[in-house]
Every structure is written in C-alpha cells, then in structure tokens.
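Think of it as A, B, C and D in the order they're written, each chain with its own count starting at 1.
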C-alpha cells in the first residue's frame, strides 16, 4: 500500500469509489445480527451498523444510513477489512486505525485500504467522521464479549 | 433655613436628631388611616407609612419600621412638614423635594428642615433612602385621589 | 451614510487571518455574530474598571454597576419600543421560550387546549411546547406552510379556533429566512383569545422591531446574534401577563423576603424572573451592541442586507451546481446545496472545503429538524449574511462554490 | 511561593483608583470576585480571535471553539475530581440548584417525603425547595444550628429518617462562613437512602473540593465568585443520577433529533442539560480562572485566607465598637456590626462611610433571610476576603472602623 500512501490522487479515487459505491451497504432483516445506531450531532452523520459474529469470527458486517463522504467511505472500507477476521484481529486493526488518526505509531499492513486516511488526523474536525463506523464496530464487538462472559 | 444650608454641622445634628428621635413614629390601629408598606431590596430599608386625610387635609402622618439613618430622618422630617397641609400643598412640597434631590431648581421655603438633604443628590446611591418615605406619601395621596374619583 | 468598509474596521475579527490562516469570510451569522470593538471594550471596562455585583448599592462601585444595569434595560426598551419593566433579561432566546412555556403555559393551559407552531421552528421554539403539551394535556398542532415553506396569514386563520391558547412562531425562520406578518397574525390570534409568542432570534438583529406595533404578547431574542455577548437574551412580555407569570428559576435577587414558615414575597416583574447573579457583563455588552446597531440604523442594516442578498442570489443562480431553497426570502439567509455528479454533496464535506478558503458556513438541519420532510432534503448549507459582509466576500464565495466538487471536498480532508 | 504582591499585579482592578477615586479595597468577595488578567484575556481572545458558535465543527473556527469548550469541561472535572461527563455547565449556582430541584426532585419526591435544609442557606438554596415541596406535597424541614450558627453532624443525624429524600446544604455558608463536615454528613444521608446536594458557591472558590472524597450526589457553584466571568456555573452530579434527570430547559443543542410526531431523543448527560447557545465566552473564562487558581494552589489560597482572617479578627477584637458574629468561622467571611451610642448602626450607613475610604463591603441580610432570628440582628456588614487581600488592607479597614460613628456616616452622605 506504499504506493497509495504517497499518491493523493489514488487516495481520493479510493475514497470516492467507496463513497459512491459503498460496500456491504443495506441492512439485513436477521436476528442473528447485532445492530447499533451511531450518529454525530455535530456533523449530521447517521448510520446503522450490523455485525454477525460466529465462533469469534466476524462473518458479516453491514451498514446503512446518511453520512458524509468521509464517514461513508471510512465505514465502507472498514467493512471490507474486518469481514472474515477473528474478533481479536479486528480489535487490533481498530486500535491501529485509531492510532493512525491520532498520529501515533501504527502497523500499516493491517490497515489495507484504510491507509487512505493516514493524514486525516491533521484535519482534526473530521476525525469524528472517519471513526463513526469504526467506533460502532468496536462497541458491537465489546457487547458480544460482555454477553458471552 | 439659609443658615442650615451652609452649615454642615447643623445639618448633621438635625438628621441625627430625627434618626434618634423620629417624629410621628409608631402606627395607630385606626381604619380611617390609609397604610402602605415601602421597602428597598437594595438597602434593606423597610417602613410602614400611615396617613389620615380628611376633606383634602392631611390630618396625620405616621410611620414605623427598620431603616437606615437617611431613610428614617428623611421620613421623620417629611411627616412634620406635611402634617396639616392640604393635599395640593403636599403634592407641591413632594415635587420640590424630588427636584432638590435631582439637582433641579426648587423652592427652598417649602422644604423647611428637609433642606438638610440639599446636597444628597450628589450621593446618588442614597437617593432611594432619602425618598422612600416621600414616595410612600405620594402613593397614598394618589390613591386617595383615585378613590374619590 | 452606510459605509461597509468603515463598519468593518469596528470588528477585530475582520482584521487578521482568523480562519485557517485565511482572511475570515464569516457567513454563519445565523448561529452567532462577530462583536464590534465597542462591545468588547464594554466587557473589558466591566472587568477592568468596575467589577462588582449588582442589586446592592452599598458602595460606589456596586452602585455604578447597578445603574448601568438598569440603564441597559431602558436601552432595550427603547430598541423594541416597550416599557423598561417589560424587559426581562434571560440567558438567551431558549431560556426565554422555556420561561414563557413554564411561567405562562403551565398556568393557563389545560386538556384539549391547543398550541400552534410550525415545522420551520427552531428546536428552542418546539421542544418547550412539546413538554408543555405533555404535562397539561394540551395539543401541539402545526400550521401548514405554503409550498415555498412560508407561513401565511390564511393558513394561520385556518388553524385558529377558541381552543388555541398559544401561537408561537418565528418572526424570521432560521433556515429559510421568511418573514411572517406578525401584525396581522397577532390580530387574528387575539380574536380567538389566544396569545402570540414571537421568536425574534433571527429577526431582531436584522429588522426594526416594534412590539407595540406588532402587538405580540411575548418576544424573545438573543444578544449573541446581534453583536452582543453570549448568554444574554431578552424576554419581552406585556406587563399584565408578566405580572401573572411564575418564574422558571427561584433564588437570590428575585425575592423581597421569605421566612422559615414558607412565606415568600417575590419582587415585581421583571425582577422576579431574574434569579441569581445575572450575566452582568453581558447585559452591559448587550447595551453597547444595541447602541452600536442604533447608531448604524436598523433600517440601513435591513436595506443593505436585502441588497447584498439579492446580489448573492443572482450570482448563485448563474452557477449550475447550486440548488437554492429560498431564493425569494426576505432577509439575509440563503439555504442551498451543491450538486456534483447528480448527487447532493453532503453539507459537512462542503463546509470543510469552503473553510479551507476562509469561508465560514454552517451546514446541517440548523436545529429545525421538523422542516426536512417539507424541503425534501436532509440538510442544507446556510449562508447567513450580516451588515458587515461585502460583495467581495460574496464574489469569493461564488468563486469557491464553482470549484466545489466531490474531489475537492475529499482533497480538503486528506 | 505565595506572594500576594505578585498576585495583585494580575488584577487590573487593583491597579488604579477604582472606588470613589481611592485605591480599591475590595472586601465583597462573597458577592463576586475580581478577575485576573488571564481571564479577561481569554474572553478577549474569544471575541477578538475566535468568535463562533459551538456544537458544529463545520469550519475550523467553530471546531477550535468546540474543542476549547470540551477542554474546559475536563479542566473543571480535574478541579473537583470527577469525570468530565459529570460536569454540567449552568448559568450559576442558582441555575444549578433549580435544575436539581426540578430535574431530580419532581421525579423522586412525593407527599410526606422530607427535604432538609438550614436557616443559614442562601435564597437560591431555599426557594427552589419551597416550591418543590409545594408541588410534590413533600415537607421542607430545617436542621437546627448550634448556638454559634453552625451545622453539626449530630443535628443532621437527629433529623434524618427514611422519609428524607434530599438534604441540601452549603459547604460554607455565606453569612457566617462555617464549613460543614460534608463527608460525614454525606455518609449519614446515604444511610437513610437520601441524596446530598452541596451548595459550593462559597466553598469551591476557597477550599480544595474533591467530590469523590466528599461523596456528595450533587455540587453546584458559580464561576464569578472564583475569578471567573458572570453567568457561568457548574452542576456536578453523579452520572447515574444525571442520566435519570429531566432538563429544566429544552431547546437547541441538547436534543439529538425530534419529529413532528412528538418523538424526541435527547442527547446524553451532560449535554441534555445545556439547552440553547451556552455562555461560550464564560466557559472559556472559567477554564482560565480555574487554571489560574490551580497555579496558585488551592491549599495555598486557603492557608493564606485563614491566616489573614485570623489577623483581621484579632485586630477587630481590639475595637470596642465592633460586634463580630462569627469570630471562629472557618474561611474568609467576617460578619459584624458597628455600635455607636449603644445602638447598632444601620449597615447601609456604615457601608457608605467605608466606601468613601475606598473600602467595598456589603451589608444586609446577604440573601439568607431565614437566618436573622437566629442571630438576633436584622443585618450585618460582611467582610469577605479572598487571596488577593492584604494585611495592609485590613489595617486600613480597622483604621476606618475606629472612626465609624453615626456622625461620620451622616457626613459621608450630606
């Protein structure tokens, strides 16, 4: 992904693609999915997130809602990255993503396409948009853990 | 009263005398008197004023309450001045007193001992104290007029 | 004469490079306005030269502040043409509306009574009525807007009946900027025996307001939207109504006496509504703000804003990536969206891009969340003008709007 | 090191001749305090460099203010040792107490429940409870004070029983300056299942306050009494209590969404309590004030004040025309009267005379109107110290008190 990191045009294309054709979009009507509603009063972003976890594996993630380009693209990218991951792995990826936005050290390889947001941390007022879906996933995973304990 | 006007020691003595021995002090229990309660939240002055009006003549004025030296003395002096006056005359005296405090032209002769407050208008924060009794009388007189109409 | 360049010199914020290192083009005047130096100076004076609490004139300093505080009430009264005892200082329009709903509404409404508002009202002119209805059993009903989103006298009349106890509407709405005919509405409301509450948050700063002429029963507004400090507002009320109203808050400064047997004597209105240490600094600041606006002249302000808005609209109409939702509105608010690739760009993305060029515009639902079904969009970008804005600023806005594409919005962030 | 002369340089008001053309000797710190330059500067910065409304980070300016606003909450939380989400910004202690009475009290109290206060409470910690009792049918009862006017744990315990739902008391009372043992009282109140509301208006500015350690359920205080701007205060509440509480005011900024079918989703605490545009300027100013106090050190402040008070008391005791009502109180408040010719001089007359010498002292009942039967006087003159006062100022006070006679009081006016 190094080529992406230094290529703003490619970054923009990836974000636009995910915004215009969000992956794993639309919710399913299935009680096995856990669902959460995430919204930002400060940006009007408003999404619903669903996750299907089986034997600690994230089998499916879906989302829906009204959101800005950054929120939509970052959530769409997230769904692609974590689908199929174990919960532990997902936790690690999420942590890395937050580290990147907070301008700390992070492991690029884990983040795949999410690397397009590597400089977004400098635009502090948009961090909330870039994390809304990711925070939702984190909450769903944590709930899953708690329910099992 | 010219001698008073230019004699601060005499002024002070008059005020002290009225403060320490207020005239027409204590209320009477008589339904022919009209009564009003006057108080200043900003100074804690709190007085009751009574007036007996007969055929447009102020036959009696009385007061009672807790008040500062300026409020007590100015009210006491007022009771002495207006007792026996006609309502029209009292109105004129009251107006003159207010004019004096507001540093406008006024007729000294009408004010008798009240002339001791001739410079109090310069101490603006105490005008309220020096007028509390006078305003009460004005209200009682006005009420009397209205009731008769 | 109205000279915008001279006026701009009165504003510190307009001197430097205050947004993203760019000269500030502040077009968010519906949210709050910039403050002229005289207001800032007044605040400084209070803190540097005569800090003290009010209501007790024991020493000279306190007396000075007390006098200035009372004087401010007279200045407000003169500004909206009422008696000074009809001016209640609040912490803002929101506080004022809650005070009316609590103090007047709880006492006077009961089951089956009706409260009329519109879907264009701000949250602060909606939620207090929802709650009042819930508590009293009264009903909140919405006066329908016309297809442009305007409130017409006809529609008000259609909804009026003797069950209507309160009608509460904005003089100028904060999303669409339409000005309602308060004077006629007030007549109609009074005919059925109701009272009219006017939310003046977006009107008082922009147009001359005469409560006697409008004959409204209550008017609320906020200082910070008219060059004054934050957390100061005014609730005007006809005195006979204020007399019968219950204060929302109780405490020091608003009572004359009380004892341990639960006897309580409140002060008279307006004082009974001002519990606790008030926003002294901001009351003085509001006075300075009003005097500043009066010196420019409210009519001049309105005229200039209307002109500037016309110019902005005509320029924006030349762009084919802009949808305007309120082309023909009355005062300086322009609600719009940008289209790129046949899709409305999300307001927040647009605002970020504009900000990069020094332009401050707010996007979203602007606290009027009931309006959106009506407009057919979830949110808008709002350009809210004030008298210190210029044609040059509009030109800059137009120039940047031309280049507002999804690509550029994304580039602004990454 | 605590160096009062250095500290005094931080205050503009202490530089000039601010009262009656005399150097200001400000001893009315119970009413409001002077503001250090850093607080005034912060306010200036907001108005000159980053004016904008909060809650919408659409452009950089607004984001900056939003961040500063949030940061202020953290600074307050650190100051009183709680979580930042437990910090509700109010317009002052009065607003906070009304919010608790309305938001917690209405929901949780009913007929025959009891609310305990004392006769030493400020109007703002009395009247909201009177009203709550009136509405709910609960009873307000007074915990007796000891013969010095102090609240003792024993007396609290005597009054406690399972009907007691709320105990609301000042940490430090504003007339007598006694400090109550909140920590022990809180234990006792919790044992019977009640909650403890602490009025910190006179304590938080003067002594280190740790809500975790005190274990009170609510704490309110005002910024303007601790070097901050007017119309900003804090209501701390344990989060689980805040969660269940109803806001006193509704409007913009405190809801997440609502619709025309009366569905309303409020934001979570603390935001649901902050309706309307808040006092942004003052929130930032409060932050600066707290940081200023922290830099000096709350413990240093208390120590210095206690010392200065001791000195003042010992000097005042040497005068035989002075009656002191609270010689052994804990913090910087001294309530006294002057005797001349065997009669107590009326406080207002005394204050006017003192003012002529630059001394600012308040007289009256200090909004604690229930206390007077207890003290056997109608009012007192109150000397309320703060950390910027000096021995020299006390010496001047003593010198002037010596000459405070009825004659001189009258001469001061005519």
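Everything that follows uses one rule, which is that contacts are C-beta pairs under 8 Å (C-beta built on N, C-alpha and C of every residue); 3 or more make two chains touch, one makes a residue touch a chain.
What you see is a predicted model, and the numbers here were worked out from it, not measured in a lab.
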Separate pieces, if any, that appear once chain C is removed in thought: one piece
Centre distance in Å when chain B and chain C are each reduced to the mean of their C-alpha atoms: 46
Separation of chain B from chain D, taking each centre as the mean of its C-alpha atoms, in whole Å: 39
Between chain B and chain A, distance of the C-alpha-averaged centres to the nearest whole Å: 80
Overlap residues in chain D, where contacts from two or more other chains coincide: 56, 58, 60, 257, 347-348, 352, 363-364
Chain A: positions in contact with at least two other chains: 43, 125
Pairs of chains found to touch, sorted by chain label: A-C, A-D, B-C, B-D, C-D
Chain C partner contacts - residues on chain B that touch it in the complex: 39, 41-43, 124-125, 128
Touching residues on chain C, where the partner in the complex is chain D: 12-13, 16, 18-20, 24, 28, 31-35, 39-40, 43-44, 47-53, 56, 58-62, 91-95, 97-98, 119, 122-124, 126-128, 130-131, 133-134, 140, 142, 222, 224, 229-232, 248-253, 255, 257-260, 262, 264, 275-282, 347-348, 351-352, 354-355, 359-364, 367, 369-370, 373
Chain B to chain D touching residues, read off their complex: 8, 11-12, 15-16, 19-20, 43-45, 66-70, 116-117, 119-120, 123, 125-126, 129
Chain A-touching residues of chain C, taken from the complex the two chains share: 341, 343, 345-349, 352, 363-365, 378-379, 406-407, 409-414
Touching residues on chain C, where the partner in the complex is chain B: 55-58, 60, 62-63, 66-67, 256-257, 267
